[in-house]
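Below you'll find the structure I mean.
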Amino acid sequence: MKLTLNKFHVKDIQFGEISRYEKGVLYISKKDLAEYLLEDKNISSVDFDIARPGESVRIVPIKDVIQPRYKQSGSGQIFPGYVGSVETVGNGVTNVLEDCAVVTSGKIVAFQEGIIDMSGPGAEFNSFSRMNLLIPLIQPVENLDKHSHEATVRIAGLKTAAYMAKTTLDMEGDEQETFEHESILEMGKKYPDLPKVVYVDMVQCQGLMHDTYVYGLNVKGILSTLIDPLEVFDGAIISGNCAAPGHKNATIHHENNPIIIDLLRRHGKDLCFAGVLLSNESAMLNEKKRASFYTSNLSQLIGAEGMIISEEGGGNPETDLMMNCRLHEQKGIKTVLVTDEYCGRDGTSQGLADVTPEADAVVTNGNGNQFVVLPKMDRVIGDIEAAKIITGGNANSIGEDGTVSVEIAAIMGSCCEMGYEHMMTKLR
Amino acid sequence: MAKTLESFGIPTAHICSIVPISQAVGANRIVPAVAIPYPLGNPELPEDEEIKLRKGIVEKALKALETDIAEQTVFE
Amino acid sequence: MKKIVHYLNQFYGQIGGEEFAGQTPILKEGPIGPGAAIQGLLGEEAEITATIICGDNYFADNQKEAMAVIMKMVEEQAPDMVIAGPGFNAGRYGLACGTVCDAVKKQFGIPVLTALYPENPGAEMFQHDIYIIETPINAAGMRKVLPVMTKFIGRLLNGEEIGFPEEEGYLPQGIRVNVHTVENGAERGVNMLMKKMKGEPYTTELPMPVFDRVPPAPAVKDLKNATIALVTSGGIVPKGNPDHIESANASKFGIYEITGIDNLTGDLFMTVHGGYDPVYATEDPDRVLPLDALRQLEREGAIGKLYNKYYATVGNTTAVKNAKKYAEAIAQDMLQHGVQAAILTSN
């Protein structure tokens, strides 16, 4: 399979009469986009706001972050199962708006929504603060149950992202990057001497605000499965969850899975990237066991010699992580685990809930309990009161002077366990 | 928390669904539960069966409290 | 010029060998033994104005008295810093070095430094509280250690920010801190895998944490007459969360009345735990805190009685140290109220 990402570097977003992309500026017609989103009868009203890098702006509560993409050519369309049909994707040309994202906000669904600060110390904790953001503020109809509310906002976010990228159809981007990925049998013949690496993408499915979707299918109840790395670039995997904003895998993380990108760039050079396995993180012990047994079985079937496993969330998913580690190592497949930790505000508590002696090669993307005091921002998009109840926040989170004191678990993507950011925890 | 209570001489049964975590952290008396969002329940069952299920798990916990053990034990 | 007081044992203090291990604490002017070498390296930066010498056996057998005398000596000298050793792997000496430094730091608030072999009991006991330079196993390593120790002394005296153990040479204090990296986590992961697959050395970023074990408490002898209490880390609290328990990394726990309540209902109780789908617990909180089942068993006589209060906190990313603190307080409350056993529910 071959996929070319046609990248447009967005310099600014502005509201305008007609939605269009011109010389690096994305113009959005509020009226037109609102009409499109209001086709969903569960939305009673929607407004939009813009946040730019360096502005004194805080956005809270945030459900998902999505990168605008739209397929120029190839099978299917972006976000299959939602915007696109369920036809498989991952080939042709996909237009990508870089330095740009959709951030869904509005009435809070549940505790696990997050914060993005566009400047100040909070902005250091994720890459989103350096992007031009469009924020749909979605108000659901009265008495909508929580599960429907979550789904409504999720889909509205994907539609918005697709709508934005569609403005670039038939244009030539600022740069292109092409990824190629042969069939497993072909690459085995082509690279007999390169180490065979498989990536296990562990995906959460633990209920409201803790689910992940592949081609529109909730991964709850699936048997571990194989997916082509190129499919994720077209939004085949999307996020329905906020397992603590600091380490949920937002849709933008799935679209830009940094482990997949790094492995693809090295494919055929110093390693043979054999494939991606999806292994779910269920809320039941028996299902955790089934998932890790089956994943290790698939790895063996593929002929993996080494494996990178990324976790999503923390606490009980550590059991999935350790089980996957142990089962693979027992089969002679070398593992590296990618995770984060919660060792308390003082950094001295045990950072993982489950352990196994075979886990001797672990990457950590930060301690989510690190406490920060975020200064007052001139503008808050959304609802500042939400900071009191979201993960990482507490009743005293909001100071009278407008400061927000939280653990970085409250900041979107701060400890992303796919390794998207540039943070690590060290022992002193 | 379970092992802290036990260190004060209070036998404690830990009802939890992800037994490996309880084992790793070090609880002594462990009783497996149903699932994370409903450790002592099951929304798919009719109410009276759910209560029976809950009572069954609690009875196992009581059994754990009455049983002298030398090391970590899972009471299935 | 900054003043340093140096603590040594009878051997390094040049009193004598093992036969003088009963030496009581004495104060001598200026640097002695390894102190003289350190002074040479320090030059004009600081002055070791006095050396306290105490026999290892005397210290071990009369710690209270020895410390009283030593602390008085330090107080009178009023130094800017106290150093001890190096003690290498000498156990009694290492414990003395650690004890003196730790007490000085706590009482006088001045920087302290010693140097020990990692497996010295003094290192294991004090490395989380004071800086301890890592030394080789015995005094053959003296020439290597003294420059490292001296450099560190200078940095502490100047109030400079101390870097990481591998850069500065001290034993890890067990504190994990977040740092910025050049490569993102994914690149670090792929690089680590390549090294591991090729059999090249690599360093894990997160060594597996270790959890202590506690011997099981004796079982309840007479369950039919016992008082049992319910505890949960599932965040079940009275509606409105009156104590504002956080949805993650809880800073507290609550104690709530259940007198006369036979089962938990969604109108009076709620869950505040942010780490699981709350829908089912909201419909019926008994699914997390099985009050109805315990009441049934109470009526049937399976237990003596259910304590009329329950304890609740949130286990979502809550630090182990804090959970332990809450459990200690809960245990004391239970003991005060005649609770004999507990059922703890988690998600």
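Every chain is named by a letter (A, B and C) in the order it is written, and numbering of its residues begins at 1.
Just so we're on the same page, a residue touches a chain if its C-beta (ideal position, glycine included) is under 8 Å from a C-beta of that chain, and two chains touch if they have at least 3 such contacts.
In this text, all values refer to a predicted model and were calculated from it rather than measured experimentally.
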Result of counting contacting C-beta pairs for B-C and A-C, higher pair: A-C
Furthest chain, CA centroid comparison against subunit B: A
Approximate Å spacing (C-alpha centroids) for the pair subunit A, subunit C: 35
Subunit B and subunit C, separation of their C-alpha mean positions in angstrom: 29
Residue numbers of subunit B (touch at least two other chains): 17, 24-25, 36-37
Of all residues in subunit A, the ones touching two or more other chains: 206-207, 283, 315, 350, 355
Residue numbers of subunit C (touch at least two other chains): 211, 276-280, 320
Contact footprint of subunit C on subunit B as seen in their complex: 1-17, 22, 24-29, 33, 36-41, 43, 50-51, 54-55, 57-59, 61-62, 65-72
Interfacial residue positions of subunit C with respect to subunit A in the complex: 128, 162, 164-165, 172-190, 192-194, 196-198, 202, 204-211, 244, 246-249, 251, 272, 274-280, 315-317, 319-322
Contact footprint of subunit C on subunit A as seen in their complex: 110-112, 146-147, 195, 197, 206-210, 243-244, 257-259, 261-263, 266, 270-271, 283, 305-308, 310, 313-315, 334, 336, 338-339, 341-352, 355-357, 359-370, 389-395, 407-409, 416-428
In the complex, subunit C residues that touch subunit B: 211-220, 223, 228, 231, 233-234, 276-281, 283-284, 286-288, 290, 292-294, 296-297, 302-303, 320, 323-324, 326-328, 330-332, 334-335, 339-347
Residues on subunit B engaged by subunit A in the complex (per definition of touch): 17-21, 24-25, 32, 34-37
